[in-house]
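Same chain, two partners: chain A is paired with chain B first, then with chain C.
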Partner chain A sequence: MPNAMLEMRLYLLQRLTAVLMLPMVIGHLATIMYATRSELTAASILERTQSSPWLVVFYTGFVVLVAIHAPLGLRKIMGEWLRLPSKLANSISFVLFIVFLGLGLRGVWALTGVAIS
Partner chain B sequence: MSHLTVRIWRGADEGEFQSFSVPMRENQTVLDVVSEVQRSQDQSLSYRFACRVGVCGSCAMMVNGKPRWTCRTHIRSLKASVVTIAPLRNMPRIKDLVTDMSSFIDKWGKAGNVFESQRDRGDAPAQVDPASPMRKAADAAIECINCGVCHAACDVVSWNDAYLGPAALNRAWSLVNDERHSGKKETMAAAMGDGGCGNCHSQGNCMAACPIGLSPTRSIAGLKKMSLLSLLGGSDA
Partner chain C sequence: MTGFRFNLSYFAFLLHRLSGLALVCFLPFHFLVLGLGLEGEAALNQMLVFTEQPMVKFGEWVLVVLFSLHLLLGLRVLVIEWAPWPHHGGLRSGWVIIAGGLGLALGWLFLDGVLS
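Entry: the complex of A and B
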């Protein structure tokens, strides 16, 4: 049953990405709180983020995990609540994966200037 | 004598609630009320029951929106002036309070729930240590009498026709923890396949509704953990 096992693999992939994202979400929120409460200007925030290779790694990983995790969850919601046929739900999820990945990596690029320097 | 208003579903998938007035008694279960309506007011009312004492599991119905054994539900305990009785959710309706349970039973089979043994009558009885972790895990799931209450309580069953449901997966969990069962690979493949344990959202409705306090939620969580380990271990079941 190849399809059946695919379903289980996707389920596990979603759970594993959730586990990996948990500390990253906390790190992300902590960074935001620090940046917005320490009266840094946008320019000074960018100055710091653009000189940090660690941030590039952190946020690139985070974006990839989100891009995998979120469409898998939405795929289930589309099937169970909206009752979309599975092929349609699969296609929409795949488009969302590309969109989330593209927007996310675009954000990482803007934040860290990784492609500029 | 004061009276109780009961609204009872009449018809099949198409139908409506019909109101009856039944004398209120000192000690009265929901099943007593349904029987009283059938015997003294409308003999065409269809419903199922057998043992009346919570052993057989045939009298499960939706009582004020919740699936319950009607024989073990006292009217008094509902603390409601109007009691609404409907057939079990998530199953096709045949007539009045009677549902077609064949899809529910079929799912038991689809979850790989056929006991297989390599032993025969010549072998000595299997020695299963009552204190072993596997036996304890099976014990926690084994008392299910297949009444369908958890299946009716489960939202995922109502959303996803392919989902095997809490009762079938609970049974699969007791089988994969049965040391004598030789078809564990097949049972796991079915339990983690399409419609299997990965669909459960761990809402716990099954656990809350089970009349004998079993936790299919925990059994399914056990199956999920086993699936994870087997997939990470590189085998497909």
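Entry: the complex of A and C
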């Protein structure tokens, strides 16, 4: 049986992360469009990603938000379409949150690390 | 038994959910590719050569379109849930048309950058 208070909190968290990510997704799409029109070699990409500490802040924030948002979306799908028990769906979502957060922060560090070291 | 009846609002919901599902499946691979930076420029360059293949470029185009669709259809959900209700436009099913158009436009912009 789903816990009503937990459901409400996770629903609000899902919407809050969505709102916070709106400008970030637009920024990321703009970055993609810019990147396709720029030199695409490892050296040039690293030079751009390590050009400003603000990129570290931007993408660290983006990773944290997406690591929360994506598993919460999957949690709803697991409950509504796969009919998984809520405890199982919660556990899988939590594991995915940890995995996405770890892999995402590792990725950000790999491309921007030098900017803050 | 009730027959299937096409409903634009349900289509918008389905498109939003399925685009999110596809993006979640892609996410760990995206992060792993970014992590190649830890192995040095050679590993990243090797990946960049791999992404030059037409099928990979097609996959990237699909992802850009799905990313845009998820953004715009997610905005629709936020407006439906949080904007004052009732309001003009109700379920704003027309957003699916706008989202589809803008998604394809951004996809074209991506392809234009890749092919130029």
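Just so we're on the same page, the second predicted complex is superposed on the first by the 110 of 117 C-alpha atoms of A that agree within 3 Å, B and C clash if a C-alpha of one lies under 4 Å from a C-alpha of the other, contacts with A are read in each partner's own complex, and residues count from 1 in each chain.
We take it that contacts are C-beta pairs under 8 Å (C-beta built on N, C-alpha and C of every residue); 3 or more make two chains touch, one makes a residue touch a chain.
As the structure is a prediction and not an experimental result, all values here were calculated from the model.
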Touched partner set for A:R106, first chain B, second chain C, both or neither: second
First, second, both or neither for A:A30, with chain B first and chain C second: neither
Which superposed partner A:G73 touches (first chain B, second chain C, both, neither): second
Touching partner for A:I98 - first (chain B), second (chain C), both, neither: neither
Which of chain B and chain C A:R9 touches, first, second, both or neither: first
Touched partner set for A:V57, first chain B, second chain C, both or neither: neither
Touched chain A residues, chain B compared with chain C: C
Contacts of A:L82 with chain B and chain C, given as first, second, both or neither: neither
Common interface positions of chain A, toward chain B and toward chain C: 15
Interface residues, chain A side, partner chain B - complex: 1, 3-5, 7-9, 11-12, 15, 79-81, 83
In the complex, chain B residues that touch chain A: 156, 159-160, 189, 192-194, 196, 198, 227-228, 231, 236
Residues of chain A touching chain C in the complex: 15, 18-19, 22, 25-26, 28-29, 32-33, 35-37, 40-43, 45-46, 66, 70, 73-74, 77, 99-100, 103-104, 106-111, 113
Touch list for chain C against partner chain A, complex: 17, 20-21, 23-24, 27-28, 30-38, 41-45, 48, 64, 67-68, 71, 74-75, 77-78, 81-82, 106, 109-110, 113-114, 116
